[in-house]
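After this come two complexes, each holding chain A, first together with chain B and then together with chain C.
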Partner chain A sequence: MIVSFIHRAVMQGIPLLYGATGEIITEKSGNLNLGIPGVMYVGGISGVIGAFMYENSLPDKSAANPFWAIAIPLLCCLLGSFLIGLLYSFLTTTLRANQNVTGLAITTFGVGLGNFFGGSLIKIVGADVPSITLSTTSKFFSASLPFAQNLGWFGEIFLSYGFLAYLAVIVAILASLFLKRSRVGLNLRAVGENPATADAAGINVSRYKYLSTCVGSMIAGLGGLYYVMDYVSGVWSNDGFGDRGWLAIALVIFTVWKPNFAIIGSILFGGLYIVHNYLNQLIPMNMSSQELIKMAPYVVTVLVLIFNSMRNKRESQPPEALGLSYFREDR
Partner chain B sequence: MDKQTPAVSLRHITKAFGSKVVANKDVSMDIMSGEILSLLGENGSGKTTLMNMLSGIYHQDAGQILVNGNEVFINSPKDAYALGIGMIHQHFKLVEVFTAVENVALGMDKKTTGGAKEIAKAITEICDRYGFDVDPKKKVYNMTVSQKQTLEIVKALYRGANILILDEPTAVLTPQETDKLFAVLRNMKKDGKSIIIITHKLNEVLAISDRVAILRKGEYIGDVETKDASVQSLTEMMVGQKVELDIERPAVEHKALRLRIDHLTCLDRYGVTALDDVSLEAYGGEILGIAGISGSGQKQLLEAVAGLQHAESGSSIEYIEPDTGTRHQLLGKSVSDIKRMGVALSFVPEDRLGMGLVGAMGMTDNMMLRSYEKGRLPFTDRKTPRQLASKVKEELEVVTPSLNTPVRKLSGGNVQKVLVGREIASDPTVLMAAYAVRGLDINTSYTIYRLLNEQKKKGVAVIYVGEDLDVLLALCDRIAVLCGGKLNGVVDGKTATKEEVGLMMTNLRTERKEADAS
Partner chain C sequence: MTSAKERSTHEKPFHIVKRTDLPVWKSWLIRIAAVVASLIICAVIIILLTDDNPIQLYATMIQGAVGSPRRVWALLQGVAILLCISLAVTPAFKMRFWNIGAEGQVLIGGLGATAVMLLLGHSLPAPVVLLLVIVVSILCGAIWGVIPAIFKAFWNTNETLFTLMMNYIAIQLVSYFTYIWSSNKGNNVINTINVDNHAGWLELPPSIDRYGYLLNILIVAVLTVLMYFYLNNSKQGYEIAVVGESINTAKYAGINVKKVIIRTMLISGALCGVAGMLLVSGTDHTITPNTAAGRGFTAIVVSWLAKFNPLFMVLTSLLLVFMEKGALEISTVFGLNSSFSDIITGIIIFFIIGSEFFINYSIKRTHAKEAQTK
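Moving on, here comes the complex of A and B:
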């Protein structure tokens, strides 16, 4: 049971890892994108639309080409989440709208957009159940190594996932190296810490904010894609994504803005998210206690926040200019 | 000297902010290589603005800048660096959570700088050459102010700066650190670099510079070789001739002790002593002026009285009630308790909306900030503040579309009128006004002076912090002069001269005696 728990925890954690990695990249530029839940939702539905179009263009579902089955939803997902990131950047960086308000609006907008298209697709298919199934393309997303099943617990814990799960870990490691080691990463962190200083050093603050927000949104959007295509095996139902977007934002705080910590953190959060199911099997519980246990990730985040402010270590604080618009004239 | 091409020439530079405030007017000056030039002037004389145009932060409205004889256009700090101009701002441009190396590397191409090791090596080389001390791996937030400043200089030198501008470099340094900085600057001068120091400390001007250029109210007054200059001659050039202002100064009646400040010592937020053992008395029925270069402790003095600033032990501020003569210790009392006693602070800091007014609220609501606890609970009384707002609007001629227009949308002068008007209307016994006329046109300024005088006649103890010496001398009965956080003496407003006050602002008494003796 422990093995299957870890397996499920990882599956739960991957969308959070994408969301958190994307949000960390965004926040390092000083943009607090609270629209991440919306971005991930749009990433999911964009992938679904891509997959739907591809599946419907096939004369025979068994003739699906693995390359296109993966590439089309993937590109659609990246494009959809990129556009949302661009919208957020335009509103906050160019028009200097309040970041919190804009972020919340993007979340509402993204979820509404997703439900609209999701509902439309369900109508088109005319399904009996309020969901749409894309098993043909999903099969390619969730394909794991064939010999994983023969390796017992090792195979189940480490090798039993679709490629997007491994990509999430690679992206998080790359993001971590990028922020820590590269010159562009250094400049990006400077923009989030002190845009006036970055500006004086000849860094184009707006360009960095735009790029990091858009790239961050694209990474976060993949979390939505993974959820639909792999985790729920290609079944889209409206509002199915739940509060994973908010969990991803909580994870950013939990990992003190470090993508490499987010790898472990996401699995921990994933585990906390589903632990009530497993606890229920051990000690039967009523519904209300289960709901209480579902709070665990948020409680842990609050504890980390308290611990961090008590320790008062400068490196564990959010970027100093997080949430603030930058006006050059203010210098 | 004329045969050499100047490193930088400014030709007829004019810069205005908005339509009213002219920061620089037709300024022309030269800076040679291998010289240390002091740019001297009072607050608001346009020193920093002028230099900001050189470093690419502002752009001049008219005039030319020439570097090594060629006309250049500086549109950004990057352009300035490309021309070898580096400026060390008063507020350091450093990222706190970065190391020294990371701060130096910021915005630079890795191909030209190499990795962290190469940069660290280059930093050490620069340090050895000029005699600094910077630990390349140290995080900025662990550095002292002096180390941060050194890092800023190293950063500028690393980017190839030949012309270094330092804005008030010694304002945050201890005397020992200042000596160290000056030694470094002399080394850099020997190396052929041009150095411009913006300052108003006369003794430092005389100690470090080769030449002094003086600005007064945005205009270029002239330059002198430091060896031909003295504290007296520089002060005269800096403050200029006394201007006769037609400000009324009613005779003091019913003078009564209202505030007694004893041995007041305060630290600023960096833990540096901002106010050092100041003892002062304020009387009802008179206007006490506070003169001093900005940042000499005026803010801390007023805030300590208002209960906003923590004072060190041994300090005492006593408030004497006008009718009963009862003494109250103000230190340790809460802000609202002090306000209830009748001590009003209309502090107008650089950011007018920062303190006292809420930008998003209209005049009525801002008036209410003073009286929100009044009225029949749970409802507030809105009628009285509305009447007050319209009264202030009428009397002070506040230009606003309506009483409910957010004050943020009003012009700076009108915002100030709202603030001062409200504080006066609260019927105080002590009224503190700081920079109450900053940015106001001449008519409004006179309205404010008249209001202060009215308060004085009513027996209020008025404390007025101002920057314009002419106004202070015309308006105030007594003037307390602060210099570097110390009280440098109190002079009579009727008999004191501008030179006397100017000298007291820039030179502590003990230093002055030494200067006289030598």
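Moving on, here comes the complex of A and C:
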């Protein structure tokens, strides 16, 4: 049971890990993108649209080409979330709009876009299928290593996931190395801490903000793709993604802006998200206490936030200029 | 390296300057132009999706928003609630305290009202219950709002992230209590509370108020005027503005910044509590985790678009609620998904946010001569 719990926790954690890694990279440039929940919805639905178009164009579903079945949704997802990231960067960096307002508008817009196309895609393209069920393409997304089943608990905990899950961990590690060790990562952090100083040092602040926000959005969008194509096996349901986007933002705080901590953190949050199902089997619980347990990730995040601000250690603070737009003449 | 950078900035054909001298009418002209532009874009999108003529479309929209007396009242009720929450977040925003926890503060206020109505509704006389509902919901909202403020004041805890998390804690608390108090065991729905004696219901007799929205609207109208004077004509409102401009200036002027932060968030949370009470005791007479329905977030946009001016907020909240109801009608008539209204709202907000740039900044041509000499 513990093994299956860890397995499920990891699967719950992967979308959060993508969201958190993307948001960390974004926030390091000083952009507090509260549109991440919307970005993840758009990433998910873009992938769904791509996969839906591909599946409908096939004369025979069993003849699906594994390469295209993965590449089309993946590219659509990256493109969709890139465009949303671009929209956010344009409004906040070029037009210097307020980041909180823009982010919340992006969330409204993105969630609306996801649910709208999820609910109306069939009607719009005039396909004669009852619901969006992308089992053909999702099969390729959730394919795990063939020998994983023969390896007992080890196989189930470490080897039983689709390729996007491993990609999430790799991206998080790369992001962590990038921020800590590379020159560009250092520049990026400088932009987030003090854009005026970075500007004076010859760093193009706008370019960094644009790039980090767009790349961050693309990474976060993959979380949405993983959720619909792998976790729920290609069946889109409106609002199915739930509040995972906000949980990803919570995870950013919880892991004090470090993508490598986010790997463990996401599994922990994923576990907290589903632990009530398992506790139920050990000690009988009523439905009401489950709701209290679901509160845990947020409470823990608040405690971490308070603890870090009280300790006032430099490394565990949000980027200094988080949430502020930069205008050179304001100095 | 410096020379390369200098060249790159001066070779740009345009540069951006902050402007301070734009007349008010011009700034409103820009905003109206933005709304019109966004409506045109929306129309194009709708036509692409539905193949219907645009005039027909806008007629449907207006029909949906104000097509019958009932719809007009529902529109005004929607405006009142959104406006109330927008008023609530405004003092905090003016102080540059990003309270994005209105959603949670409204819910906790509503939860307080629900608790009083459910638990005391049949043991105390109705007027006492109503009084308790008002006091408890305001208190609950204020407490939920002041917790992040205390931490901000003493330890500089990031208030945006703190208030955001408090929303979800509130939502889970409400879903916990909807299980506990559910009318039929296990279906987590609280049926309309106190149908028999109307204890704790905030209402006027049906002869005066046919649809049951009038009292809500009147209360919010009074609050709007009060908030206007509080922000513009009171000492406390002035202190809020100074703290928002610069904390150091405020300290130098002898303002107790900690006190102002905590006091302002008490007011902000309390007003959210009022909104929660208007929703639970004034309209729905029950609560669900979705009672606030995202208004806590929309209110932020409303307040910001109105430049934190309570009177302009009437207009901005009217615009957003009107578009939402109109888009909802379009989606029903044309058989589209109801989330369509969120897309429309999003597009309009993007345009208005973008237009602020042209109000605050002007793009000037860099003169050729100037570029050469430098």
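Convention: the second predicted complex is superposed on the first by the 321 of 331 C-alpha atoms of A that agree within 3 Å, B and C clash if a C-alpha of one lies under 4 Å from a C-alpha of the other, contacts with A are read in each partner's own complex, and residues count from 1 in each chain.
Simple rule for what comes next: contacts are C-beta pairs under 8 Å (C-beta built on N, C-alpha and C of every residue); 3 or more make two chains touch, one makes a residue touch a chain.
All figures in this text were calculated on a predicted structure; none of them were measured in a lab.
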### Message
In the overlaid three-chain picture, which partner chain does A:190 touch, first (chain B) or second (chain C), both, or neither?
### Response
first
### Message
Which partner chains sit in contact with A:217 here, chain B, chain C, both or neither? Use first/second/both/neither.
### Response
neither
### Task
Kindly classify A:318 by the partners it touches after superposition: chain B alone (first), chain C alone (second), both, or neither?
second
### Message
Just to be sure I read the superposition right, which of the two partners does A:107 touch: chain B = first, chain C = second, or both, or neither?
### Response
second
### Query
So, A:198: does it touch chain B (first), chain C (second), both, or neither?
first
### Message
Let me test your reading of the model: by the given contact rule, A:305 touches which partner, first (chain B), second (chain C), both or neither?
### Response
second
### Query
So which one touches more of the residues on chain A, chain B or chain C?
C
#### Entry: Touching partner for A:123 - first (chain B), second (chain C), both, neither
second
### Query
Same chain A residues contacting chain B and chain C, which ones?
202
### Residue ranges of chain B touching chain A (in the complex, touch as defined)
57, 76-78, 81, 93-98, 102, 105-110, 139, 141
### Summary
Per the touch rule, the chain C residues reaching chain A in their complex are 1-2, 5, 16-18, 49, 98, 100, 151, 155-158, 160-162, 164-169, 171-173, 175-176, 179-180, 186, 188, 294, 297-298, 300-301, 304-305, 335-343, 345-347, 349-350, 353-354, 356-357, 360-361
### Residue ranges of chain A touching chain C (in the complex, touch as defined)
32, 34, 87, 91, 94-98, 100-102, 104-116, 118-120, 123-124, 202, 238, 243, 246, 249-250, 253, 286-289, 291-292, 294-295, 298-299, 301-302, 305-306, 309-310, 312, 318, 322-323, 327, 329-330
### Query
Can you list the chain A residues touching chain B in their complex?
183, 186-187, 189-190, 193-194, 196-203, 314-315, 317, 320, 331
